[in-house]
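Next up: the structures, one after another.
Okay, so chain A shows up in both of these, paired with chain B first and chain C after.
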Partner chain A sequence: MTKVVDARGLSCPQPVILARQAMEEGEFPIEVLVDTVTSRENVRRAATKAGLQVQVEAVGDEFKLTLTQ
Partner chain B sequence: MSERLTRFFASRWGILLAGAAIGLLAPLLQKAGNPTNMGICVACFERDIAGALGLHRVATVQYIRPEIIAFVLGSLIAALLFREFKPRAGSAPIVRFLLGMFAMIGALTFLGCPWRALLRLAGGDLNGLVGTAGLVAGIALGVVFLKRGYSLGRSRPAPAPVGWIMPAIMLGLLLLLIFRPQFTKDGPIFFSAEGPGSKHAPILISLAVGLVIGFLAQRTRFCTMGAWRDVILMGDTHLFTGVAALFVVALLTNLALGQFKLGFAAQPVAHSNHIWNFLGMALAGLAFLLAGGCPGRQLFLSGEGDGDAGLFVLGMIFGAGFSHNWALAGVPDKLAEGVLTVGGPGPYGQAAVIIGLVFCIVLGITMREK
Partner chain C sequence: MGLGSPDDATVYRMENGTLLVATADFFAPVVDDAYTYGAIAAANSISDVYAMGGTPFLALNLAAIPSDMPPEIAAEIFRGGMEKAREAGVIVAGGHTMDDKEPKYGLAVIGTVVPERLLLKGGARPGERLVLTKPLGSGIITTAYKSGQASPEVLAQAVPWMLRLNRDAVRAVHATSARGATDVTGFGFLGHATEMALAARVRFRIRADRVPILEVARPLADLWLFPGGTAANEMYFGQWVTFDPSIPEEVRMLLFDAQTNGGILAAIPAAEMDRFAEACQALDQPFWEVGEVLEGEPGIEVVARD
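The block that comes next holds the complex of A and B.
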């Protein structure tokens, strides 16, 4: 099952902290929901740095990042 | 095209460019008339605005600083161009207001925000080192809270006026700056005739520089608190690149312009009371961390529609009023006939810093997302 991290509305750096916690649990794929470009880029950077594949999808005004190994 | 630019600004080159631009432009603003080692200081400039409006009556620090206005408007322009303007609010607003207030009280104990701490150091003022050490200590303490789940809760999308209020306030300030009305006899708007408040670059230059920095900082998320936080929290040096670039370029620019004077004692608009330089900035650093951004970042966020960041800014301006009305702010060193009198905060200022630290620590322990 896909793990979903809802980080919408949270300010820096909480989206990244939550995404990293999910990454450390090691179950993929992970879906991270964010609502600002800042959070999107921060989560993308953290995931890329951890060697993960990142797919970004715009959902209305918000974004869904799918992290896979 | 827009997406490619966004990726560039989000890259290491983007943040490097933003930091270098600030590092170059701030000493040039000083050359153009801004106070020494204060080419840009978000806290000091908001304090000057508080003074101009009559929220405090210290005659030497009163001016409506165009840089602050332009930071918000530059960020607004960038956010609108790149479709990132998003009115939002509702993440513990009253807490953010008080965090802004105490952040300002801490910053004015040291006599500068994290931006000015770097610029002071780049001008040879070694107290900037002590202040930055305090800043990092405050941020490190905050990181402990973050790791334990500290959160001010979620903001929510809000109706348009929530996002437009701060830019509108800035436009109002711009009108007050241009027309300089005097509301009562001997009353505001005040503009300093002497002291740091009287020293300023021409308005158009300040506005232009502010717009450029506001634009770049909105695109790159430049943040002088996040830089340290990300290094401590997760070894991420992305934002730190910007801060490092700011410092190096400002140092070189100061050396080139002959604006470098090395030492601790009697530096311009500064004191060498180490304990309170450290503790003041520790309070500021902790408060910035708990609110999610340095004072500059809060301005840029308020320009892209973040009403909570706007409230933090208003809290800072309100805090500046208290800081000077109640004589909480640090007093600069005095050098008279070869005798140095070390400045720093008085007893009330010291108490305010302690109260602020206690307030922030209680928040750090108790604020959790429900």
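The block that comes next holds the complex of A and C.
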């Protein structure tokens, strides 16, 4: 089952912290929902730095990042 | 100054030729201690007058206080601000407080400067050396602390720098014939450097290995705990900045990190660097030489080393 982290409405670094907590649980894939470009970029880079694959999808004005190992 | 060229404060020429410098700034708490928060916010507000080469003398409080905040806490914020202002030779007289959910505090500050001592973002000239007077890292450290990702000990590394007035840094700049300076705040080191380079139509070469960064900020950068403002800085100012490919991504972001009451970034004539260094030493003011001003396409190139 895909784990969903809803980080919409939160400002950085909160989305990164929530995504990292999910990453540490070790179950993939993880979907991270964000609603700003800065959050999208921060989560994308934090996950890339952690060695994960990141897929970004625009959903209306918001973004869905899918993190896989 | 006209509205076309952004600078650190508004300058108004009075009839006697003296320039009046006016600025205002306020923000939400960056530390838990109310007194320290007030003092940092005041030092930050006053800094914009220093960044113009001015001498501040009068300020008004700007505050938003939650209705459920104990009055003695609010009083500590104002006391911190007033005592920091006094250290700067500034009288705080009145102001305005409104009710809001999250506290905010800062000052509207007035100072003066004679035209010969005015420091402008566009004042840098090719051949000058770039100096920075505080290490970077306050943005990521304070946001990491606020979100429970950094210890009080880590925060304590940034606090003395955030509390420090930029007065002595500007005194040292004034010991030289430098005309270009700004203070490093919300746009981060590279954001403010870009503003200076574009305004002066020059190129800055920055030595990444010489830019001071608080050591405790580095592990936080590895975890990518940057505030939203830092990412926004990189996205906006990145178009004018090139990096040596060997410079790691987290170091690039630290160079964009939004600062609270950061240091003075100034362009000092190369022949006057000794004079600047002596003035800094006499004032017990640290500084780091971080790069140089070149002719060429306006913008910033960040090199790893020489």
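Some points to look at:
In this section, the second predicted complex is superposed on the first by the 69 of 69 C-alpha atoms of A that agree within 3 Å, B and C clash if a C-alpha of one lies under 4 Å from a C-alpha of the other, contacts with A are read in each partner's own complex, and residues count from 1 in each chain.
As a working rule, contacts are C-beta pairs under 8 Å (C-beta built on N, C-alpha and C of every residue); 3 or more make two chains touch, one makes a residue touch a chain.
Source: prediction; values computed, not measured.
With both complexes brought onto chain A, simultaneous placement of chain B and chain C is prevented by a clash. Looking at the shared chain after the overlay, A:61 reaches chain B, while chain C stays out of its contact range. Applying the stated contact rule after C-alpha superposition, one finds that A:16 touches each of chain B and chain C. By the touch criterion stated above, A:8 is placed in contact with chain B alone, chain C being left untouched.
Touch criterion met: A:49 reaches chain B and chain C at once. Contacts of A:41 after superposition: both chain B and chain C are touched. Once the two structures sit on top of each other via chain A, chain C runs into chain B at 326-334, and not at any other stretch of 74-82, 164-172, 326-334 or 362-370.
Overlaid on A, the two complexes show chain B and chain C touching the same residues of chain A, namely 11-14, 16-17, 20, 36-38, 41, 45-46, 49. Across the interface of their complex, chain C is touched by residues 11-14, 16-17, 20, 36-39, 41-42, 45-46, 49 of chain A. Taken in their complex, chain C has these residues touching chain A: 143-144, 147, 149, 222-228, 230-232, 235, 249-250. On chain A, the positions that touch chain B within their shared complex are 8-14, 16-17, 20, 35-38, 41, 45-46, 49, 61.
The part of chain B that touches chain A in the complex is made up of residues 6, 10, 82, 84, 86, 88, 91, 146-147, 151-157, 221, 223, 226, 229-230, 233-234, 236, 238, 292-293, 308, 369.
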